[in-house]
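Take a look at the structures listed below.
Next come two complexes built around chain A: one with chain B, the other with chain C.
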Partner chain A sequence: MEEIVQHLTPILNEVTGYIFPNEIELHWGLLVVIYPYLTGLVAGAFILASLVKVFNVKELQPTYRMSLLTALAFLIIAPLPLLAHLGHPEKSFEIFLTPNQSSAMAMFGFVYVWYLMAVLLLEIWFDYRKDLILWAKSEKGLKKWILKSLSLFSTDISEKAVLFDKKAVKIITIIGIPSAFILHGYVGFIFGSIKANPFWSSVLMPIVFLFSAIVSGIALVLILYSFITPLRGKEIDMACLDKLANYLFYVMIVDFSLEALDFIHRVYESEESIKILSDLVSGKLFVSLVVIQILIGMIIPLIAIALIKILKWPADLRKQIYFLSAILVQVGIFSTRWNVVIGGQLFSKSFMGLTVYKMSFFGLEGLLVSMILLIAPLFLLYILFKLLPPWEEARNL
Partner chain B sequence: MKNYWNSIPEQVKRISILLIVIVAAFIVIRANLVPKDFGELGHYRTSAIDEIIAQNLKYGGEILCSECHDDVAEKKASSFHKNVSCEVCHGPAADHADDPDSFTPTAPKDRDTCPICHEYLQSRPTGFPQIISVSHNPFKPCKSCHNAHDPTPPETPKECSACHKEIFSVKSLSHHAFVECKTCHKTKDNHRLSPREFIPEKPTSRNFCGQCHSDEIVNNDEIPKISMTEHEPKYVCWQCHYPHLPEAK
Partner chain C sequence: MIDSEKNDETRRNFLRKLCYSAVLAFVSPSLVMRGKNKKIVEWIIGENYNPYDHYWSMGIDINKCIGCGRCAESCKIENNVPKEPFFFRTWVERYHIYKDGEVAIDSPNGAINGFSKVVSEKSLEKSFFVPKICNQCDHPPCVQVCPVGATFKSIDGVVLVDANYCIGCRYCIQACPYGARYIHPVTRSADKCTFCYHRIVKGKLPACVENCPTQARVFGEFKKKASPIERFRRMNKINVLKPALNTEPKVFYANLDMEVK
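Coming up: the complex of A and B.
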């Protein structure tokens, strides 16, 4: 009891107005912020990859495999924040054994598995199959056997078989686009369908989530591509980078318009919650929403990329500005997730008061675990890059 | 048949075998791990009900208490605390009911327990007895004046503020500070003894406020005046003005 009092006292000092007792402490913390952020990167990276295969955007070919592996690495880590948040990860498989159809979160498990098994792994397998066979032939020892088993001991690299692989990749990508939409739309749905919370409850939520996901995915691949290519001693393909930035720019405009539409809609509707929400946005969320999400994460990168398009700056400057803009976009999208998850819990359902979020450093819900979970996909991606090199020159070894 | 088998691309065969293995493994795991009685009555194990029933009881329930403590139960049944169960204040007492000598429930003697319900809180219903414990007889244990089994105050309150402290405090800061409660709320004397049975009346029409605030009335010049026919005639006054703090926006 004393522990609870000690824990709540500093928070209570910062509570303003009237709030219900069960609203003092936030139930969803930093880990639940990271979960939609990571899932968004997956959906975004996959949509980018699909541009190459389905919409035939040839310029983006150098980033195709990188996008797929990025999506895979982030998808594998994406559920870990949830498992850490809920506890008892050893019981998590039970949601598959006894599916609960009335639970959006439980059904998300199936969307996740579908996306992982039927879309991402299958597409990567078909795309890499020929290379896996060839690489296995030239390797020795353990790696040879890892590559062989990854190819499922397949041997056929006849022209007909390779043609079939290409066709399969295209079909899977076509199925994959709506799947990626559902994957991240679902994350938005989980928030948007909570009718008791006026900050979340909006039919636009899945769509806003989806577009911000595409923005973050493209920005991530742009960062990875412009960071890794010079490290490998290769020249950055400017046509590819310009195209990436172009797509980033257009999707950001759509995302910005959707968020503006949502904002205008709320202000015009002026439901009973509007006063507390405007207090929230102009007070506790001012820095993370207005300054970081909108100004730093949206308007500055938009202006920077627009200036590049108008002024036709030299390649070196373009690279740097693209890179910096993409980093700002990542910060902005992380802030978007923060504002939705944390912001949505800061005001009382009585609409009369605000609470505060105190983050801890240690512990399962703390900053340390969150940082590890944010870095983990990059480690996994490093291993994937080592095992399945996505570079063009590795293709025809 | 053999021709058909040969026409399937090699990679499809391999991936299909993997898929079949995964699906088969899932079916076997599911058949073995899902409890047999899961889903019979709902999304849970039927046997979970018996497991929950088998747990030790902590609370005995008021009926059990009143079997021995009938005098206290009778007193409480006619008091304001008739709906508060014994174990709310005395704590879980199933062990005491089983064997009265082995465990004796405690009774709150300090000033911490009663304010859990009776400390002033904005969300509590108007008229529910509420105190501000720092200013209400400081340091004196509640039970020195109030009997928890029949908590009617030892002296019938004379002032409205004894129970409606929060309204009184707000009103005392407003221009209505010197307007007595009874000016607007007709209240029977019995309200002080049985507050819920004799509820005070509230004004029902615009004309009530007009008795002081109509421009046709000649009284103190400092009282704000309006035309009863022109000033928002479709609304009653308290839709815009909070009578206990009329200057609030």
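Coming up: the complex of A and C.
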């Protein structure tokens, strides 16, 4: 109680205009920024993997398994920020037991479990099954048993069985694409369906979320691929990297167009909330929205990749520019999540004033926990890479 | 032959027991739930109160409000709302509308300590006070979004929160267009105006209505001819807050200015 009061008291002096007294406490903080960021990466990485299986983009094969494991690692961590943000995490299971059918959020548990169990784990299992069995044969001791249990003690590696695995992977991927769309589009719907908040309330929100998710997922796999491959002493496959950058470029164009459409639509319609929203965007959100999200996270990488396409630069320079662009895109997408979640709460529903967001360092909602939650998926990914090497040369053909 | 018959017998027994235990597993919690409901019903009947006979609403006459803040203070005392200026079930706003069109609003500590004099060079067009409270919407967005159904519209039309059920996700707070909800810092559950439900089931008025010295607040039955609310709605030009959002508030304002949101 005292902690909250101490945290809120200084904010009283930083409010401009008038906000409702209950609005001084900003309700969704950094943790709720991280959640859509993480699920976005999951959905994006999975869509990338599905390009290989469903759309037969052969060039992307070297990143296929890497994308799947990335999606898994980030999906496992994704609900933790939500759990940490709840007032009563011990009652969170109620969302499974007694979901309110009219609530968009109540679907969370089901969408999550479906995506984890019916899509990701299943696809990874079918794709790795043969390799798991063969690896288990060549290993000794504990690792042998870990690999055996991961393969669920299956032993059949006959041609027929392997063919079935391949078919299963394809079917799961086909189911997985709409599932990935639902996973992240639905997060967008949670925000987009709040009519009380004109900054969120937009039918485009789920689609914007989805495309920004694909952008962030491709950029993440590009970063991982171009960072890990030299570390393993291997050569980066330029055809693969160029293809990744191409897809990144196209999806970014779509994402940018959607965001521009949303912006133009709002300005043109110029509804009741336009004054407070323009105060917000030109004031408190200027740096994070205009400078970081749009300029640094969108326009600069777009120009950089476009220049590469036009000028046909040498491979080494391309690698570096792709890598830097993908990092900028990552910063931009994080900023996008920030601007939606935090930005949408910085103005009062009275439309008469703006408030501020004060982040703490310690505590569940603080910066420290958030940093840990952002790094945790990478640790998990490291373990997954050790256990289930995604490299093409590890594959038993 | 005999052996296989015996096997069949034990299998049949086993299946029968399995069915019994499955039925028991489903039925017993529902019996417990029924017991709990019965308790609530008994409590309400004990108060001689039948929720099906009532449908509550409130009227607020802006011309009568003097901004004394007694409503906000009595609410905090009656409902154990934390005294700090970040948690309110009801509060009073002061509007200053200047000749040049500028609007200035304030509500220091929800008006509990009154208002200080505004010193401004500009000439004032008009000034008034607006008490705010949960609008007890008939089509409540907070109830729609609650993921576990912890907040609900009661039979008699009051939107309530089951604090023991609330998981503290704060989605209802985001969905409320009126800023009428907050997280109680002690229970960490969502909290809001209940129309003083514990008082109205006893036939008393909500604390804010009872303590208003100018009778700016009127409380009563919605759509019952003899109700003070129906008289209030008949005698005044009525408006609600943010009507475009289709929340269908059951808090009605008389003499509401267009600047109030």
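Basically, the second predicted complex is superposed on the first by the 385 of 397 C-alpha atoms of A that agree within 3 Å, B and C clash if a C-alpha of one lies under 4 Å from a C-alpha of the other, contacts with A are read in each partner's own complex, and residues count from 1 in each chain.
One rule holds for everything that comes next: a residue touches a chain if its C-beta (ideal position, glycine included) is under 8 Å from a C-beta of that chain, and two chains touch if they have at least 3 such contacts.
The shown structure was predicted, so the numbers you read here are calculated from the model rather than taken from an experiment.
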Based on the shared chain A superposition, would you classify chain B and chain C as clashing or fitting together?
clash
Please work out whether A:155 is in contact with chain B alone, chain C alone, both, or neither, and reply first, second, both or neither.
first
After lining up the shared chain so the two structures overlap, which partner does A:348 touch, if you call chain B first and chain C second: first, second, both or neither?
second
Tell me the contact category for A:98 with respect to chain B and chain C: first, second, both or neither.
both
May I ask you to decide whether A:108 touches chain B, chain C, both, or neither, giving the answer as first, second, both or neither?
second
Does the superposition put A:87 against chain B (first), chain C (second), both, or neither?
second
In the superposed arrangement, does A:203 touch chain B (first), chain C (second), both or neither?
neither
Winner on chain A touched-residue count between chain B and chain C: chain C
Which superposed partner A:18 touches (first chain B, second chain C, both, neither):
both
Please state which segment of chain B collides with chain C in the superposed model; the candidates are 79-87, 97-105, 151-159 or 223-231.
79-87
Chain A residues where the chain B and chain C footprints coincide 18, 20, 98, 100, 350, 352
Can you check the complex and tell me which residues of chain C touch chain A?
82, 84-88, 91, 93, 103-107, 109-110, 132, 141, 143-149, 165-171, 173-183, 185-186, 188-189, 245, 261
Complex contacts: residues of chain A adjacent to chain C:
1, 4-5, 8, 12, 17-25, 27-28, 85-89, 91-92, 94-95, 98-100, 102-106, 108, 190, 194-197, 345, 348-353
Which of the residues in chain A come into contact with chain B in the complex?
18, 20, 96-98, 100, 117, 122, 125-126, 129, 152-156, 160-161, 164-165, 168, 350, 352
Could you please specify the touching residues of chain B with respect to chain A in the complex?
9-12, 14-15, 18, 22, 26, 29-30, 33-34, 38-39, 43, 122-123
